[in-house]
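Two complexes are shown next, each including subunit A; its partner changes from subunit B in the first to subunit C in the second.
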Partner chain A sequence: MAENQTNDGTVAMTSWQLNGQEVENPTGMTIMEAAKEHGIEIPCFCYHPGLSIAGNCRICMVESNRSRKPVISCSEKIADGLEIETESELAVSSRNSVMEFQLINHPLDCPVCDKAGECTLQDHSYEHGPDRSRFVEDKNIRHTKELGPNISIWGNRCIVCTRCIRFCDEISGTSELCIVERGDRSVVDVFPEIPIDNQLAGNTVDICPVGALISHDFKYEARVWNMDRKDSVCGGCSRGCNVEVETLDGFVKRLMPRENLEVNDWWMCDEGRYGWRHLYADDRLSQATRDGTALADDSATAALEQLLSESGPVAFLIDPFLTCEEMHLVQGLAASRPGSSVGGWLPEDGIAANFPSGFKISAAKYPNRAGAEHIFGDQVFGNDATELQKALVSSDFNTVVAFCGGHLSSGPGESWAKALSSTPTSIIFSVKSGPWLEGASLVLPATAPIEKDGTWINEDGRLQRTRSCWNPGTEPFSVELVRLQTLQNALGIRGRSLSAAGIFRELAANNDSFAGHNHSDLGSPGLLLSERPAGIAMDGGSE
Partner chain B sequence: MANTISFCSETMKQYEWLLTRYPTRRAALLPTLRLAESDFGELGVPEMRYVADLMEIPPAFVFGVVTFYTHYRRAGTGKFHIQVCSTLSCALRGSEDVVSRITERLGIKPGETTPCGHFTLSKVECLGSCDTAPMLQCNDDYHEDLSLEDVDQLIEQLRAEAEGGQNG
Partner chain C sequence: MTFRKILTQHIAEDDCHTLSFYQRNGGYSQAQKSLKEDQPDDLIELVKAANLRGRGGAGFPTGVKWSFVPKSSDKPKYLVVNADESEPGTFKDRVIMEKNPHLLLEGILICCKAVNIQTAYIYIRGEFVFATQRLQQAIDEAYEAGILGNDCLGSGLSIDVTVHRGAGAYICGEETGMLTSLEGDRGQPKLKPPFPAIEGVFGCPTVVNNVETLANLPYILEIGAEAYCAIGPEKSPGPKLFCVSGHVENPGTFELPMGIPLRKLIDEHAGGVWKGRKLKAVIPGGSSAHVLTADECDVAMDIESLTAAGTMLGSAGIIVMDDSTCMVDALVNLMRFYHHESCGQCTPCREGTGWLEKIVHRIAHGDGRMEDLDLVLDVCDRMVGKTICALADAAAFPAQSFVTKFQDDFVAAIQNGGSPAWKKRHPSAVGGTASHG
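And now, the complex of A and B:
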């Protein structure tokens, strides 16, 4: 039973005073959490909602009627009759002094620090710190070195909050990090010759409140305030971790996890985090080709239209990276060509990992398998796929349209490549070049997961909204969502092109599994497909 | 890297006895490091790794503890670790002169070790022997009421001991 559950199942409440106001919060909350519910944000460095309470930075001190000295609000719990002042003279001067201490040895290297702009120390210094230092002695020098293949420490910037150490102890369970030395010489380090090299290591850089831990991947790459941010979902595995894709001038610079307590908490794995590099790899396709000759983007759509308008029944080979919206369009095409058939390929499994915190990396690397099964039936990757492959190998179909996405996957296997090349007319949407393009009639560049706009269903059946890293109109080629609609318009099976939200509305209206859902109600944690948003709005979202 | 070192049977017995004295294994880390130090002579990377593996504690944690305390003998410390007290009483009674005399005789500054590896010189805070200032600690022994002649004599004696030990 939770600490604040009473016998009759209700939540016990505690009445206390916050800055002179009588307030109530569930019993057992800390002052910091409770104050946040009333709109008062108490500053913190070492506190992180996903980690244990360390209480070592002292910036969150507030004045209490129960103590002669100020108390730290991250660990002190609310209690009946407690009176807390966050803006009293004592509270303000305490914060001020802590800031002055924190800044004693901190270098003023914000202009060259990658954390600048998203640095807690900067923010709190601006808000709570003194505007000058009384410290006239020499600042301490601490080590700057690589801690692992992807992470370095700039020791001078470290404020010894121990967030990264608690992360490695509690979340990844690998315990590579420690504080060495003591007092003002203390700094984060690893045991000699045991680098920090776990699958979640990148998160330590995110939670570092200052620029002490720096990711090699992002070092000197961009100033954070210049980047565009999109709320996306990682397509690396079937978990569907919520991520923020940050771009500079249209190029992806960094992926950061986005809080979703239902899926990934505050974390993501390094494979997904650094996987964006594959978007710019040499084998990435951005150019359409017809029988090996480069085609302009418009002509590619026209060629697609011509090939399909002349075709009889079409075989569609889908991948589990397509969004529900793209799948809905494929289904529309299949329905318009009588005798057509749909099957799907699945990428090879990876290695699953379970961490002490409950964070999981799924062995299954298919972000929207569930979506495909709801749209095309649960045999789309099973029997239907086996049948389709047989039919293709024996050249039962004249035309095949195949989707070969997933920038992290090794693509459809050899048997599919053989099946595709046995078909006279093969149209292949591919994210990168590979053996499956052998002898293709028309190759169209395809989007990688974080370039897609739409929805995915993760392995728990959670419907999640993912947004493209590109700003509308800056895509380097027609994305599938647009190209498939243009094609449908030309073939006369659609009247006008819609946004992803519009396509989703169509899907929800036509498929019972999705009924009642719409983009705008998905919010940031997403929704289980089985839980309908409150107040079913059939007209859907307006995004 | 496989560990090639291990406690001798006597030390292992002491270690097992230690475990019975503490509520958790981790709590016995400080005295176990003391055992390791006396058994192996110093605490370097292989020694810390051995203790971590033995106690099933993350090596990084052991590293953090060893570097936190100044009283452990870290790897690279000379055979004789001379720690000169430089807090108030000793400072008033001339600990600076003691340090400079040692520096002069051994050619090393505080924090350094002689190339022969016999001596390490450190300046430390109060060793709790103010009534006999100035004083220094060499390994586990106190040398008190020091005059500069006492310092010279001590160094000669230690040097003879170190070289004698080497030859023997």
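And now, the complex of A and C:
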């Protein structure tokens, strides 16, 4: 496959010169990629590692001994004997020229531009641009208009890099975007009557190097440098796209995909991207109640202790939104109440989608089915919800603890509500309020996926670390991880509370599937459960 | 040896465009023989030996270009004939297509034989409605007569020719822009490499040749490489169509041997500068070529001589300007064209063409500043050689040479509050009031 693979399986290398130094890189690399390996970052606008090469912005021009004219390093490949200068007079003046051209018609409305602070044009301008303009003419005006339900184009800012167009052609395969007009009137548009409205559309805003594509959701919401960022994983489906959750003063403002070539490349779907709105939905449950009466947070934990310490065998109803760590705590609780059992329901399957680029959306609209199966066994989730409900009604459990975590799911449904209310003591952790909470003995607000700290296992069996969008200690209410450990402490099955990483260590020590793994070795691409981190003994505490 | 017209010999005759006329005058005999008897490689060698240079503008050796096409490829190969003819000042391919379309078709057959091609497209600019009709008539006749289609001229080869009309864009004359347009996309050039010979239209090996280039092939087969090389300078020989427009008494398309002196072309063939005026400037090779001053016009019209004179033969569109011409106004006109026609994908061309037009326009309209002259040259420097296709260079070359060679006109426009024509129309305008910067 790779053009640098030799017959004996080694990687063929090319020797070339970079700024006077002899260097080597795998054959077939572009100058830009290869230079980066030697610590030289050549600026780019139109280049994006996930898209085809357009070579139109010309900012990446460098001097080559093979060409009279400067060459573009995003497309030109390294070759034996090639000599490249990135800082020669020609290279520098070519770069400066492109910057001057990019800026002459640009409105420079950074103070009101959502991209400011993460704008490639700003960054390159600072480094390579002129400090004043020689352009005394009137600037061109291009259209500002809605392109679709979530996206608008601010044409004056567009640098015509065509990243967004290539995205729709190559990644989503929907081809809604195009350039209209020519020359310096060129601007991105949609075809008449066909808005950009595909499942991946939001990514075009991320990859727009400037503030030309604007997300309605984020418009004027925050200055990007003021936001806090957390590396999280989207819980919208079993793909588990890596995301960055950005918050301002304790409010989520935006989700952005985080590069993970094993899972989501550079992308995420719109359902996941805009899903955070559910955190602030009107039906979000924020108040603990005991038999319908509001409880303070501490008293809620106390009530939980009281109910469980008095209970006989408990039916734990889990859902695939819990992290592995939370599940491990549930398992500990179940083991401490003899006769207890753990089962669960799965929200109904959604629709899967496969895109030409290989990007996938899973039909399983929850993040951690695989984790539950590794912890509780393959049979933990019945595929027939009514079966489970019947079992619950006919059994002699007098206490049920249910987790109702899916912020996207509409709740467990009517039959479940009935089953729960027919059990003498029902304790429900729920993200949303809804009819299933009626008649419950104790209702506890639960955390939504991006609020959780822990690990999930995606549909490929990849163990991934997700971090809560909140800073430690600023959660609006106790997370399950804390609440369940406090409970375990009170019931005498645990001595002290641990972090998510500590709980995971316990899990890894007690469950062969997880043996050898730990949070700190997961890194950003995560690890397949079957590939343990290097240097860890395989018997890593299986007893 | 006296020069014999090959491309336009009969164009005064009423029915010169018909198949019967063409065949009566020996037409298709070269293709007939070649399709049956010649080996493709021998044809390529012949065209190389004849030093046939592309007539589209770049002057690339045609035989060499053909030899880049892979001999064995599991993909089909294509010939795309560049009939976009959109370089300002150029109207030569049109004459061939309107008056001698079968000559082009015969050239196409020979090229297809040499490169093993079965499908040819003629990409013709949309404005050429009459030429399109003539071409289509000729193609229909040729199919009817068994010259095109299956078993062309009894050779057993099958060659199809399709005319494809463009929508009228200069950039669709640039070869990769043309191929993109032919594929049905927005006409804009592609990154090279890969070159069309390796990966052209529909991702397949493609020969791109200009109409006039192909129209030379039957004659090369007829007289052989040596005799062909004897017509004009050896390195760029052959009969050539020169389009003369502008301030001459007798504008038109003239078929003459390569290397004809420019002055002779203007004075003897085009009837000299009109109205008894004096020559001021000549653009020798389509608007993208550097302009020549009257003093520089003692030059031979061939590729090497014009390159040595710091300009180019280009498309051989010769635009003659007399001494009443204001070079500022002329340049505004050219810059408006390039600004309008830039496809807009490369930053230096997209922004540079617009900027140049705005500056020159401002100078012509009385708001020029002395520093604008350096600015124009600097903007040009920042465009040349930094883009995907040569349109940016094509826009910069006239700007550079107009401003340097006719600086007086520009200085006068700056100092007098605009070009003479502008002043005449706006007598009360006060010049030199530019308060920018």
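Keep this in mind: the second predicted complex is superposed on the first by the 528 of 543 C-alpha atoms of A that agree within 3 Å, B and C clash if a C-alpha of one lies under 4 Å from a C-alpha of the other, contacts with A are read in each partner's own complex, and residues count from 1 in each chain.
We adopt the following convention: a contact is a pair of C-beta atoms (placed from the backbone, for glycine too) under 8 Å apart; a residue touches a chain by one contact, two chains touch by 3 or more.
What you see is a predicted model, and the numbers here were worked out from it, not measured in a lab.
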| item | value |
| --- | --- |
| First, second, both or neither for A:Cys164, with subunit B first and subunit C second | neither |
| Touched partner set for A:Arg182, first subunit B, second subunit C, both or neither | both |
| Contact breadth on subunit A, by residue count: subunit C or subunit B | C |
| Partner chain(s) touched by A:Ile194 [first = subunit B, second = subunit C, both, neither] | first |
| Partner chain in contact with A:Ser94 - subunit B first, subunit C second, else both or neither | second |
| Subunit A positions touched by subunit B in one structure and by subunit C in the second | 178-179, 181-182, 186 |
| Subunit A residues within the subunit B interface of the complex | 169, 175-182, 186, 189-194 |
| Of all residues in subunit C, those that touch subunit A in their complex | 169, 171, 186, 191, 339-348, 350-355, 358-359, 362, 375, 381-383, 385-388, 434, 436-437 |
| Residue ranges of subunit B in contact with subunit A within the complex | 1, 45, 48-49, 52, 58-64, 67-68 |
| Touching residues (chain side subunit A, partner subunit C) in the complex | 53-59, 61, 68-70, 75, 93-94, 97-98, 100-102, 104-105, 134-138, 140, 159-160, 162, 178-179, 181-186 |
